[in-house]
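Shared chain: subunit A. Partners: subunit B in the first complex, subunit C in the second.
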Partner chain A sequence: MQSYLKRFKKIVFTTLFAIGAFNTSVSADTLSIGVLLPSPIADVGWSNELVKGFNGIKEKYGDDVTLNIVENIQEGPDADRIMNKMVGDGNKFILLGSFGYMNSGLKLAQRNPDVSFIHASGYKVADNFSPFTAKYYEGSFLMGMAAADLTKTKKLGVVGAYAIPELISTINGFALGARSVDPEITVDIIWLNSWFDPAKAQASAKALIANGADILFSNSQDTPSVVTVGEEAGAYVFNLNGSMGEYAPTKYLGVVKTDWGPFFSASVDAHLNGSFVGRNEWLGVDADVVVTEEWNPDISAEMMAKIKAVEADITSGARHVYDGPLFNQDGEQVVAAGERLDDGGILGIDWHVQGINTPLPK
Partner chain B sequence: MLLQFERRDTPSKTLVFATPFIAIAITIILSSIMLLIQGKSLLTTFFSFFIEPFESTYAISEVFLKFGPLLFIAQALAIGFRAKVWNIGAEGQMIMGAILASSVPVYFTDSDSVFLLPAMILLGAFGGLVWAAIPAFLRTRYNANEILVTLMLTSVALQILYYLLLGPWKDPMGFNFPQTVMFQDAALFPPIIFGFRLNYSLIIPIIFTIFVWIYMEKHFGGFKLTVGGLAPHAATYAGYSSNGAVWKSLLIAGMAAGIAGMSEVAGPIGQLQRSVTSGYGYSAIIVAYLGALHPIGIVFAAFFLSVIHIGGDYALVTADLPISSVHIFQGLLLVSYLASFTLVNYQFKPRKARIVEIESSLT
Partner chain C sequence: MTPLEFFLAGTMSAATVFLLAALGELVAEKSGMLNLGVEGMMAISAAVGFVVTYQTGSHLIGFIVAGAAGIGISMIFAIVSITFLANQVATGLAVGILGLGLSALIGKNYESFTVTAPASIQIPVLSDIPLVGPVLFQQNIVVYLTIVMAILISFCLNKTRLGLAIRACGENPKAAESLSYSVFKIRYGAVAFGGLMAGFAGAYASTIYTPLWADGMIAGRGWIAVALVVFGTWKTGRIFLGAYLFGMVSLGELVVQSFGLAVPSQLLTAMPFIVTIVVLAIISSDRARLRLHAPYSLGETYDGSEPQ
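Right after this comes the complex of A and B.
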């Protein structure tokens, strides 16, 4: 009985204190931002870049803005509860960091019209719910050109997360860039069906190298596994989102970086002055969201000049990665010369371009 | 000096009752040390774990959402555990139930028939049943260890799930993401409170609990089941079937897990996707033991575990705790419970020469 009473006292004590403590923690003047992430923030990778995207906002607003970050949450019924709690706790601006949070996030947005949501990689839109994606394919096209300059085997390897349009369009861009330099180049893909699986990523990278690839593309893996394998095996390697150059000091081809800062800042500002409107945010080189850098010095000066020229053309809009003529894997023409694949066609792309050996998982 | 465990003749009744509270106290002390090292606030953390799950109607509804499947599977597993049939693969049986149940809305996307949901319940039960029948057959026919078979079949079920989601059952409008279409309303349990996820599937575990309680406590069949698993020779001598205990234990658990899996896809998830079980199949094992394998104890255990699970999710947000700390907290609780439980029922004694081998009886 003794322990019973003690426990009861403890609960009462805890409750009183906590209620007291909580009443002071949220004030009306500050903005609380909730951030839900699918993988650990760690030192590099997807989640890390998303968090960095808020640096500008923290500088601008200082203590008036608080970030409440919950990392490493699997997409599923539990994620739903956590985002509900975020809204319940008074976070008025929510970043949902993964595709799989879409359906529950959208429901939550519809129930809470005063909360603004931005959602990574999705396609559903509501008045207060904006999906956002980067036009990675613009950067991977440039990487393809660099790869073509350096490959000896004319075989490129890709370790991919999920065969969703965002990644398919990025790999297509990579193949188009490489084959714009040398049409004999082919591309192989291994799909992991995971954003974060170091062991499988490593094994797949080794398999691609054993199969003859001498350039690797780590597509949306939240671990440097593929990059380290590249360095060890002597294959040039690049990745998306954030630099993993320190994991491959000599063989790092470069990075297709995403700088979410400008977009996040604009969205938070819009939320604060009441002008937030949910729409499909699709951001590329021209918006300074997709940035290619850390080019490997082994790339010839001649090719580097070409890459820069193409980059300038993409930025100005004079050139588009998906300009025709485009052929699919079976050699059938999909986009005629002089035409361009429209945005809907890229956002929902479900076919690979010519030169990619691996069939798309159906 | 060598020590050995010896069963106490008469464990203190007070202590038996106090065990869960001792475990909670130990957990709070140990996790306080962890939290202090991490520099987290103790008050905020324990507030999240124990108070926040009761703060709002929504929070309470979430506790009961978690409570349903935990109770259901734990209750069913406990029947087998009492008969010493170790079904570790409820997770896989749950997945198979979810898969078979999902076939209805996947193939009849436009149907709004009232028979949709009953058909899904039956198929869910059948899916779990089939998946549990395999280890039951292998155990009774070839004496294959059911621990291994049930556990391994979980991996098989997972691969079948992945195959279906990436292949034939993929949502054609889902941009190649591994998930099925969202189910139509007729294929979902209606919510008990509008706007919340808690739904009428909760009734099934409650009815099942009453049934189990009557069966195990008041019915001769429950006794036969326990004896059959516990002392097969004695059971055979008395004319009860030992194989019968294996079949019954596994089939009941499989059916319960299958329906629980069905309730997840036809409830909070609303579609078939890669993560459908939320680890219920494994958590239910903890619940069954926390509840001392007793139908009433399991009700409390399932409720308690649901509370600290919801509390754990809230601690991520409110107390800024990393998810690993939440798992450590939940793990500490189980370890200290099992340790307390063992020490209440057993004592350390210096090792003596063994003269008579006594078959240890059921805890």
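Right after this comes the complex of A and C.
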């Protein structure tokens, strides 16, 4: 019994040592990139788009760059522990893939000035900590126009994850786009209060359809949960980040795609030549980060032409989604005609535009 | 489908996930086995059931294999806690975590894949009645079978010799043994049944209720099933009520939101938990009765069959 225990101990210690040895073997010549993701990497979805953003870097630097990806990590203590370990293991460039990693990520960045961080969806900045966001609302505005062309009930439905500014501004953009075509259109939202619950997302989509919506906006579901319901129930549906068109062959309205490649490559290059500066990276249609495509053929040619014209105007800067006059849900004017909601106002938006029925959870 | 029809019909399908798993856990607990691994058992069966259904195209085969997977993982719990007399709480938690991890591994290559849900039943005339038709007579066959199962389990536990033996093992295993029941066999059987039902619950969740696979899709539903058994005070009828109540309030939340009523959505998200806990706490507030229904030896290992 004694010797058995001893042998067992030996095995355990050897194993632990081996694991430890593995992790510290980051050589100085290569760059190790740590990637922390909130959901599993699938063929589609948010996490997949973030990982794809590093393809250009892998091609450029080959074996000199290693990606250390940890997927499906909930915001909270687990995420804190893992991002600390990433830094401890010698990763010098770190991508934090979710809003909720912000506060502990920022603290970690302040303790480790030699490590560069890019953080998805956040707003806090440090010298070595850049939040990055896509101007999804530019794409959702265009989708709203398409939705207005196709809706018969004049009711649009949104399945939202959490009521954070990024999602609120996207839904507002959707409503503004639709109502720029037809002011009678209204928008209903169901907030899941979860980033990941496919069953609840599907039930929500069905609830919206039961309540009369015939166009669905799957706002930040990483699985095709809402998209498949749309196809089954005959409601046009679109989503953000990556195409889910294969799950809705006839009812896919289109996709507001993000291409992180150019931004990630520029950030890694900046880190390597020492010029990385933390700043708010807010990227839209004009930076080719937000791309709308896979438009449903049911959209009328007339409307498609209008959409393309608006897209060109947004790209050139002649038009802005948040151009006044803008009214809130109570009908009060928030932005006057001729004025424009400033960047801070959009990044921290905490009100819904007129035409959205659902009150904003506070 | 009107919002009301959606609400009532959705309640039945949402409740089925909880009810299936809770019924299995009830039988296991009645025999004295507290298996906290339900979440993990459901997750692994959901993954296995999905993969098999995806590959074979048959929901029936998916259910059978998922049930087998549920039994398989519950046997790990049984061997460790019944044969080797380990602490049931610790073992159940460990097996649950193992199940969650394995489910991610099994489903890895199927992430975000979808299958088609089988068509709901259609009964001539009955299914076409307004409101009542879509709610009561257009559900998936599993919804009805689960209700039948609840009745059978209630009958078995309370009115049959087998039920008496199971309950005896949970109340006083020594007494059961002296009546020449094999506590060992009965507890193994009860745990296996719990695994089977958790397996069905998982398969229902991943192939019928939400016909897609995504890691973490059980999202705490196994824990709710465990809680329902306790709050339902180990009575089939109350567990049934609890499952339907929870399903109803969780769907009600979505309907209320879609109507645009001015209620904070965070509060609505918490409602199913609050309402279910409050209602079940009220109906089980009689502590004497509660003690009467809780298996006296729940969670205790039994080594009486071994020489002292």
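The criterion applied here is as follows: the second predicted complex is superposed on the first by the 340 of 362 C-alpha atoms of A that agree within 3 Å, B and C clash if a C-alpha of one lies under 4 Å from a C-alpha of the other, contacts with A are read in each partner's own complex, and residues count from 1 in each chain.
Criterion: a residue touches a chain if its C-beta (ideal position, glycine included) is under 8 Å from a C-beta of that chain, and two chains touch if they have at least 3 such contacts.
What you are looking at is a predicted structure, and each value in this text was computed from that prediction instead of being measured.
*Asks:* After the alignment on subunit A, I want to confirm one thing: do subunit B and subunit C clash, or do they fit together?
*Replies:* Clash.
*Asks:* Quick check on the superposed pair: does A:I346 touch subunit B, subunit C, both, or neither? Answer first, second, both or neither.
*Replies:* Neither partner.
*Asks:* Kindly classify A:A120 by the partners it touches after superposition: subunit B alone (first), subunit C alone (second), both, or neither?
*Replies:* neither
*Asks:* Looking at the overlay, does A:V51 come into contact with subunit B only (first), subunit C only (second), both, or neither?
*Replies:* So A:V51 meets neither subunit B nor subunit C here.
*Asks:* Name the contact category of A:I164: first (subunit B only), second (subunit C only), both, or neither.
*Replies:* first
*Asks:* Would you sort A:A203 into first (subunit B), second (subunit C), both or neither based on which partner it touches?
*Replies:* In the superposed model, A:A203 contacts subunit C only, not subunit B.
*Asks:* Which of the two partners, first being subunit B and second being subunit C, lies in contact with A:A147: first, second, both, or neither?
*Replies:* Touch status of A:A147: no partner.
*Asks:* After superposition on the shared chain, which partner residues are touched by A:L106: those of subunit B (first), subunit C (second), both, or neither?
*Replies:* neither
*Asks:* Is A:P361 contacted by the first partner subunit B, the second partner subunit C, both or neither?
*Replies:* Both partners.
*Asks:* Name the contact category of A:N193: first (subunit B only), second (subunit C only), both, or neither.
*Replies:* both
*Asks:* Report, in rising order, the residues of subunit A that make contact with subunit B in one complex and with subunit C in the other.
*Replies:* Common interface on subunit A, subunit B vs subunit C: 72, 163, 193, 361-362.
*Asks:* Tell me, which parts of subunit C touch subunit A in their complex?
*Replies:* So the residues of subunit C touching subunit A come out as 1-3, 5-7, 10, 14, 17, 104, 111-112, 114, 205, 209-212, 214-217, 219, 221, 250-251, 254-255, 257-262, 264-266, 269.
*Asks:* Per the contact definition, I'd like the list of subunit A residues that touch subunit B in the complex.
*Replies:* Within the complex, subunit A touches subunit B at residues 3-4, 7, 11, 14-15, 17-18, 21-22, 34, 68, 70-78, 80-82, 84-86, 88-89, 99-100, 103, 111, 123, 162-165, 168, 193, 348, 350, 361-362.
*Asks:* For subunit A, which residues count as touching subunit C in their complex?
*Replies:* 40-45, 72, 157, 163, 188-194, 196-200, 202-204, 206-211, 213, 222-225, 228, 247, 357-359, 361-362
*Asks:* Quick one: in the complex, what on subunit B touches subunit A?
*Replies:* 18, 21-22, 24-25, 43-44, 46-47, 50-51, 56, 58, 62, 162, 166-167, 175-178, 182, 195, 197, 264, 268-271, 273-276, 278, 310, 313-314, 316-318, 320, 322-323
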